[in-house]
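Paired with chain B in one complex and with chain C in the other, chain A is shared by the two complexes that follow.
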Partner chain A sequence: MAKKSVWSDNRFWQRTAGWVTGFASVLLIWLTFDTSAQISMGTDTDLQNGVTKRVPGPTVINYKIAYEFNKKRQHEIPVIGGMNSEGTSAFQEKEKFFGRDDWSEEEAESLLHLGKLASQTKNCMNCHTLLGNGGYYAPDLTKAWLDPAWGPEGSMQAMTSKETKEEAMAEFLQNPSQYPTHARMMPNLGITAEEAKGLVAFLKHLSSIDTNGFPRNFGKIQGAVNGK
Partner chain B sequence: MNAMFEPFVDVVPSFFATLSQGPMTLTIFLHTVIILPMFWIYKQEKARLEQEEGN
Partner chain C sequence: MANSYSKSESKKLATWYFTVAAILFGAQLLFGLIAATQYVMPGFLFEILDFSVARMVHINALVVWMVFAMFGSVYWLLPDETGIETVGIGLGKLLFWVFTAAVTVVVLVYLFVQVGPADETSLWFIHEGREYIEAPRWADIGITIVALGFVANLYMTGIKGNRSGIVTVLMADMIAFAGLYLTGMFYTDNISVDQYWWWWVIHLWVEATWEVFVGALAAYGLITMIGAHRKVVEMWLWIEVSMLFGSGILGMGHHYFWIGTPEYWWEIGALFSALEPLPLVAMFIHVLYDWGKMQGEEDAKGLPHTVVNNKPAFTWFIMNALGNFLGAGVWGFFHTMPQVNLYTHGTQFTSAHGHLAFFGAYATILIGMMYLAVQGKNNIKILNHTKSSIWAVSMVVGGVVGMTVALTLAGYSDVIISRAQMGATWAGYFDAQSTTWLVQGLVWRLIMGVITFVGFIFLIKDLLSIGKATHHVR
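On to the complex of A and B.
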């Protein structure tokens, strides 16, 4: 009788498949918990104590948010409240959001919640992309708050004749069809003033999330790879 | 700096961040958990087959 090869033996492959499947299952369950912990939202206390969280607390809307290239990580990171000597968030510099920089945790949270619900009811993701989810018909909104077009010297802010970024964004969201943007104009979705405020807060918070540099080469933003 | 070994740069140090530092880390990890146990299983099965043939 010819010698049997292990490679053509069923039991060898069964045991290998069993081991790989079992180990992969354990790894994926662990990965789920690891991810949950990493993407859980921070608190106001974290911000006050200078604790960097991947998803900062809702009161991040009280702070100035910038997007700076980090040499160590080789991509852009959100810099909250000014930059420290290590090139990360200093959590010091505040920025008024609709005239206030003292939004309490509860107020900020309910505003963000309203914005999140509004983004779902108005189905922003039908055209826009948020954190990698959604359509590519309209601009990616993940870092929209940081787009200089909405800044003091930006064309969008000038177009709406508003003094601040948040007011300009809220005005545009309420009357998108009034402002010529590009060929694919945003339709009027009947967004109320309060919803618009919530949506802008939602976008500001979104821009403060550390997405490991995603979307890459978001070049229009100052400080980004291809930024000016 | 050589691209094979990079300093650890993720936001939060975690096991999975270590794995995704570069192609090398993942390769070494997968070889450790898949290929090495396969050697072990291979040897066991070979011993079993030889024993069966010997009978």
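On to the complex of A and C.
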């Protein structure tokens, strides 16, 4: 009788399954340690010392944030506090946030904490996408802070009768159905003034996260649509 | 016979689980219809039951009905596989009532409280606002206890009785399934860390442990329904486990392209998730091959009968093999490369994939298990189709495929206009939403959703009445 082939042996495949699963799991855990270190939140000291973090500290709300194409990485990256000669964050240029650009680390932390909590308790993610994840019923919020609609050229500041981007956003969040832009509207979610402030801080911080160039060409092209 | 319905408490408990699963499946479809209607008529239930609430119930009911049906499937097959009554059945029944009561409370709070103030109490008692695993913290703890109790019963039964290959796979798989849920239970201000671990639950459930679970169910189904040889089926199962975990665990990289995580996930995610369809192709071939082989053996004996002893269930199992391959495999592969995903991430394209994948990979086979339970409960040797069972499978499958096609077409508009042309701004988003392709796509999705729902009504009617039909072989 011919010797039985290993390829038709259940024990062989059972062991293979064990080894493959074990190997993949170990690799995932190892990568998780590396990734966790890379995505831990930065601090105020990092920002002051010009240390670029993938997820900057909460006091990033004191700085001007932009989203610019980087030649070396071949996609857009967040540029915090103006651009240096290498096309990355200079951490110099500040920007007032609700009238101040000197939010302390504790103040900024508690504002971001409130905003992140609000983003969950108000269920933002079941209509909007955050970092591209969530519902598709409303615009992506990853770079919402940098959206031209809220800037000086956009319509939202005039609509909400506010002078700054952050005040316009906060006003909209508190009374969204008073400022309809389309038939599809955001409902009133009982967001308080303080929660709205936290949410805007959360959105500004969100826009400073290095998302490897997602979304592409954000706010760069306008009026290019001819698809109807 | 320890494994006949009348003698087995485990099988009775399985039918309880299937019953609640079917009710939640109905809720999933109903709230999906509400959300789909809101896309077409934005004023529908505005500030009464908003899209966010309807969608939350839609996707949570989806996850929970599948978990109920998965628990039911295990309680159904355990006596057959192990040859003994499930150990700890009293605990199993108690946990069933705890689970059902908890789910009822959670859904009522979703519907009538909806949102809370921005504090930890809301996370504990209303919802956590994290897509798919919105369940409030108290329910998280409850679900973990229920899952651990279920796993304990599975282990005790597997150790005491005959531990087949299928039971061994289920034991390994279900402990991972329960354990992974723990990674989604904490709060952090850092959204990148938040989403990193969130995917450990979502991805490692639906693209790893749930897929292996389906592999085990398919193996059980082939042995039970067409008398496939256990040794061959279990060898396939181990190969599938290798391929599913080998590609699926690191395939998680495709969720780490854009959430703040490092660039190396592009390569890891692209490579391993490109391999993810392979086991699904293998499962598809395996099911059809075994079917042909067993039918051929029967034909060679000159017997006129079909080899399949439960036609509705087997039809759903075939739909599973096909739907898993198409929905999870092909529709997933469409947009899994980072170069493509940069534009398709978070669009109606994702939604198209989500609908066909969840349905094709899981809903189908779990409905098949319900038909196996109907057969066992009514002590039927060969369960034949009824008009309703054919209408049900045609309309439900046709409806979901129709929704997928409609959402895919809507997705092209979303991707090209909102992402490629307009760079994902507020204005770009609404420009895409108002295009003819997207508007009509979502109307067709609603129509197809209604067809799916009518098919569901046929399905329920059939599950309740098919056992009483007289054209089966008893």
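FYI, the second predicted complex is superposed on the first by the 194 of 228 C-alpha atoms of A that agree within 3 Å, B and C clash if a C-alpha of one lies under 4 Å from a C-alpha of the other, contacts with A are read in each partner's own complex, and residues count from 1 in each chain.
The rule we apply is simple: a contact is a pair of C-beta atoms (placed from the backbone, for glycine too) under 8 Å apart; a residue touches a chain by one contact, two chains touch by 3 or more.
Quick caveat, the model's predicted, so the values are computed rather than measured.
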*Once the shared chain is lined up, is A:Lys3 touching chain B (first), chain C (second), both, or neither of them?*
first
_chain B versus chain C as contact partner of A:Asp210, first or second or both or neither_ = both
_chain A: partner with more touched residues, chain B or chain C_ = C
*Scan A:Ser119 for contacts with chain B and chain C and give back first, second, both or neither.*
second
_Looking at A:Ala144, would you say it contacts chain B, chain C, both, or neither? Reply first, second, both or neither._
second
*Figure out whether A:Thr16 sits in contact with chain B (first) or chain C (second), or with both, or with neither.*
both
*asked:* Quick one: is A:Thr52 in contact with chain B, with chain C, with both, or with neither? Answer first, second, both or neither.
replied: first
*Between chain B (first) and chain C (second), which does A:Phe33 come into contact with in this model arrangement: first, second, both, or neither?*
neither
*Please write out, lowest number first, the residues of chain A touched by both chain B and chain C across the two complexes.*
9, 16, 20, 31, 34-35, 38, 54, 210
*Which of the residues in chain B end up touching chain A in this complex?*
7, 9-12, 14-16, 33-34, 37-38, 41-42, 45-46, 48-49, 53
*Quick one: in the complex, what on chain A touches chain B?*
1, 3-4, 6, 9, 11-12, 15-16, 19-20, 23, 30-31, 34-35, 38, 52, 54, 72-74, 210
*Taking the complex as given, what residues does chain C use to touch chain A?*
35, 38-39, 42-43, 46-47, 50-53, 55-56, 114-120, 122-123, 126-131, 134, 165, 168, 187-193, 195-196, 231, 234-235, 238-239, 241-242, 245-246, 249-250, 252, 255-266, 268, 342-343, 345-348, 350-351, 413-414, 416-417, 419-437
*Which bits of chain A are touching chain C when the two form their complex?*
8-10, 13-14, 16-17, 20-21, 24-25, 27-28, 31-32, 34-36, 38-41, 54-55, 58, 109, 112-127, 129-140, 142-144, 147-149, 177, 181-185, 187-190, 192, 195, 198, 206, 209-222, 224-225, 227-228
